[in-house]
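In the two complexes that follow, chain A is the common piece, with chain B as its partner first and chain C second.
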Partner chain A sequence: MAAEITKTDVDAIYGTVAKTIADALGCELDEVKRDASLIDDLGAESIDFLDLVFRLERAFKVKIPRGKIVEDARGDLPEAEFEQKGVVTEAGIARLRTFLAEVPADRIAAPLKTADIPRLFTAETFAKLVIRAQREQGAA
Partner chain B sequence: MALDGDLSGKVAIVTGGSRGIGRAIVELFAAEGADVTFWYQGNAEAAEEVVAAAAAAGQSVRSMQVDVRDSGACRTAAEAVADRAGRIDVLVNNAGVIRDNVLVGLEDEDIRTVLDVNVAGVFNATRAVAPFMISKRAGRIVNLSSVSGAKGGRGQTNYAASKGAIDALTRALAVELAPRKISVNAVAPGVIETEMSETVRELAGDEIKGRILLRRFGQPRDIAHAVWFLSSSLADYVTGQVLYVDGGFKME
Partner chain C sequence: MPGRYAAFTFVDRITSFEPGIAARGSFHIPSDVGHFPASLLAEATGQLAAWSAMAKQDFRVRPVAGVAHETVYLGVPRPGDLLETEIRIDSCDDEVVSYQGIARIGGTTVLELHDVVGPMLPAGDFDDPEAMRGFLDVLLGGGATADRFRGVPVLPLAPIDRETGRCARARLDVPAAAPFFADHFPRRPVLPGTLLMDCLTRLAAGVVAEARPGGTAFVRRVSDVKLRAFTEPGATLELRATLESTENDTMIATLEARAEGQRRPVGGAHATFEVAR
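Right after this comes the complex of A and B.
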């Protein structure tokens, strides 16, 4: 079990992550609230996520595989138990609530399409993504 | 009103830049003030010559040995350019090879090499460079196609297929990158006087010339001019196009 990511861990890098998000989305830094959905609140599109991850990789000198957030959220749950026909199962939703603890729980509710999972992602989600990448890189 | 095709301060990468058309592109870009890094596969001597000539003229040209078939090498090289120059404004996907033969005489290797360099190479270089352009919300990608892509001749099925793929890729990528203000175009040369076309010109020169409206082969510089246009602000409103620079090439 990976060590928990604490608020202190997130705080340590949050400033750089928020600035990177503002740069990638072309928005003001103060618009990047910790729990704002990058898609629903800040207007991010899928290509913005690719750009954001690319920028984070360069800012933090880490490698972040694409699709990593959903993959890590699913963890050891078999794909068929995580989603069925493009819809996240109850077990999948439970996983997401745990993994994306920074996202207000009421946003993670059935019915949730797999394709809509990225709509949940907040600035803090990406801060945690960076921290996990740093830890994996450090451990490698 | 003067035309502004100046490339001063533009950071460009040209693949396959040590010889032929690529070299002419590198030379023209450098003369127009661009900061040019060209990639070459193996001819270090030719590469050194291009760099030395540019240095003597006070121009900014660097070379890197990069096999475009290696996506990791493309990424490392693109990062090195971006780290040094701060950005990448122009990518010219020029590296290409031919392995001409009639279809039934083609070896597996002839097919694989042509598709790997001419098609996968463009994917690799573009995947390495485009993220920097996406981040800047600006950029120009110019792919070297060929008249063969639309009007392939005998002995060129592998090459024609590879260049047809480039035309298709150019149009699809233009759609994908337009929202990020990156234009993607192709230049399709006809028969140009380079080492690569030497054999075909020797074997069928007169017959081919008879099918060129302007009755001459092209020069590498003819192609460089078109690439320069598409890379400059003169082409701000052009994307998803294949520009034929072939002297008016007719099918037989």
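Right after this comes the complex of A and C.
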């Protein structure tokens, strides 16, 4: 079981993550709120996520595989139990609520299409992504 | 198809090739083409990277223009020049490729391409993967016939309004038909991002020239290029260039292209101009 990511862990890198998000999205730093959805609130598109992940890899000198957030959220839950026909199952939603604890729980509600999972991602989601990548790299 | 592998293909020969790792290639700019915008140096380098990435992914996917964090222009290509390109792929999978590149003319570096990130999309949506595989064999063998390229049109910009020496807006009516669509791409013609960047930098150069009359403005660096959407033949874009900062004879402009009804710009970048006296 991976060690829990604490608020202190997130706080330590959040400033750099928020600045990187602002640079990638071309928005002002103060628009990047911790719990703002990058897609719904900041207008991010798929190309912005590619750009953002690339910039985070550079800024933190880590490697972040594509699709890592959803993959980690699913964890050891078989794919068929996580989603069916492109819709996240109840078990999947429970997983997401735990894994994406930084996302207000009312946003993670059925029916949720798997394609819409990225709409949940906040600035803090990306901070946690970086921390996990740092830990995996450190453990390798 | 007329113009295939000619109208907008900027690799004649590949001399060194490691799929998904590195490549070297060349392209001869025909002596009789009138217009060869500097942005095509980036196109030529990007196309070499695309061959390497597609070969690694077995032509299931192909890269399209996405993000170029920094493009540095160090020289001007001229008709008759032999362009030598070199790329190094940092990472490549079925979703994204990232790479660096250089273009040289006569051994002198004329372009540096830093940190390009391109989304990989299903190759068959854009072209016939088998035909592409066949053309790669040609490039890797004796090379394609030289001087197939017949030039690209200068896409006209219709002025909308301007604040002299500060900003300008112009309309770009993308032609409904043009030779370059045969290559870019046969199954899904779209305006090449490098031609859009050429239009945007031309618009900005006009503003820079107004801000520094008497000098000759040339683009030295284009940063944070991001292309968010495809532009179809016949589309209309609104281009905008705004000078953000000026320091002696170096000026930075924000470039943006918008399509009607779209929330985010189709594309944007920052361009650094230098003014020679």
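The definition used in the following text is that the second predicted complex is superposed on the first by the 140 of 140 C-alpha atoms of A that agree within 3 Å, B and C clash if a C-alpha of one lies under 4 Å from a C-alpha of the other, contacts with A are read in each partner's own complex, and residues count from 1 in each chain.
We take it that a contact is a pair of C-beta atoms (placed from the backbone, for glycine too) under 8 Å apart; a residue touches a chain by one contact, two chains touch by 3 or more.
Quantities reported herein were computed from a predicted structural model and do not represent experimental measurements.
Colleague: Clash or fit: how do chain B and chain C relate after the overlay on chain A?
Modeller: clash
Colleague: Taking the superposition on A as described, I'd like to know which of chain B and chain C A:136 touches: first, second, both or neither.
Modeller: Neither chain B nor chain C is touched by A:136.
Colleague: Is A:47 touching anything from chain B or chain C once the two structures are fitted on A? First, second, both or neither.
Modeller: Both partners.
Colleague: Classify the contacts of A:9 with the two partner chains as first (chain B alone), second (chain C alone), both, or neither.
Modeller: Neither partner.
Colleague: Would you sort A:66 into first (chain B), second (chain C), both or neither based on which partner it touches?
Modeller: second
Colleague: Chain C has the stretches 171-179, 189-197 or 243-251; which one runs into chain B?
Modeller: Only one listed stretch clashes with chain B, namely 189-197.
Colleague: Which parts of chain A are touched by chain B and by chain C alike?
Modeller: Correct list for chain A: 26, 45, 47, 50-51, 54.
Colleague: Touching residues of chain A toward chain C in the complex: what are they?
Modeller: So the residues of chain A touching chain C come out as 26, 43, 45-48, 50-51, 54, 58, 66-67.
Colleague: Residues of chain C touching chain A in their complex?
Modeller: Residues in contact with chain A: 66-67, 93, 95-96, 98, 115, 117, 119, 224, 226-228, 263-264, 268.
Colleague: Once bound in the complex, which stretches of chain A touch chain B?
Modeller: 23-24, 26, 45, 47, 50-51, 54-55
Colleague: Taking the complex as given, what residues does chain B use to touch chain A?
Modeller: Checking each residue of chain B against chain A gives 131, 134-135, 137, 176, 179-180.
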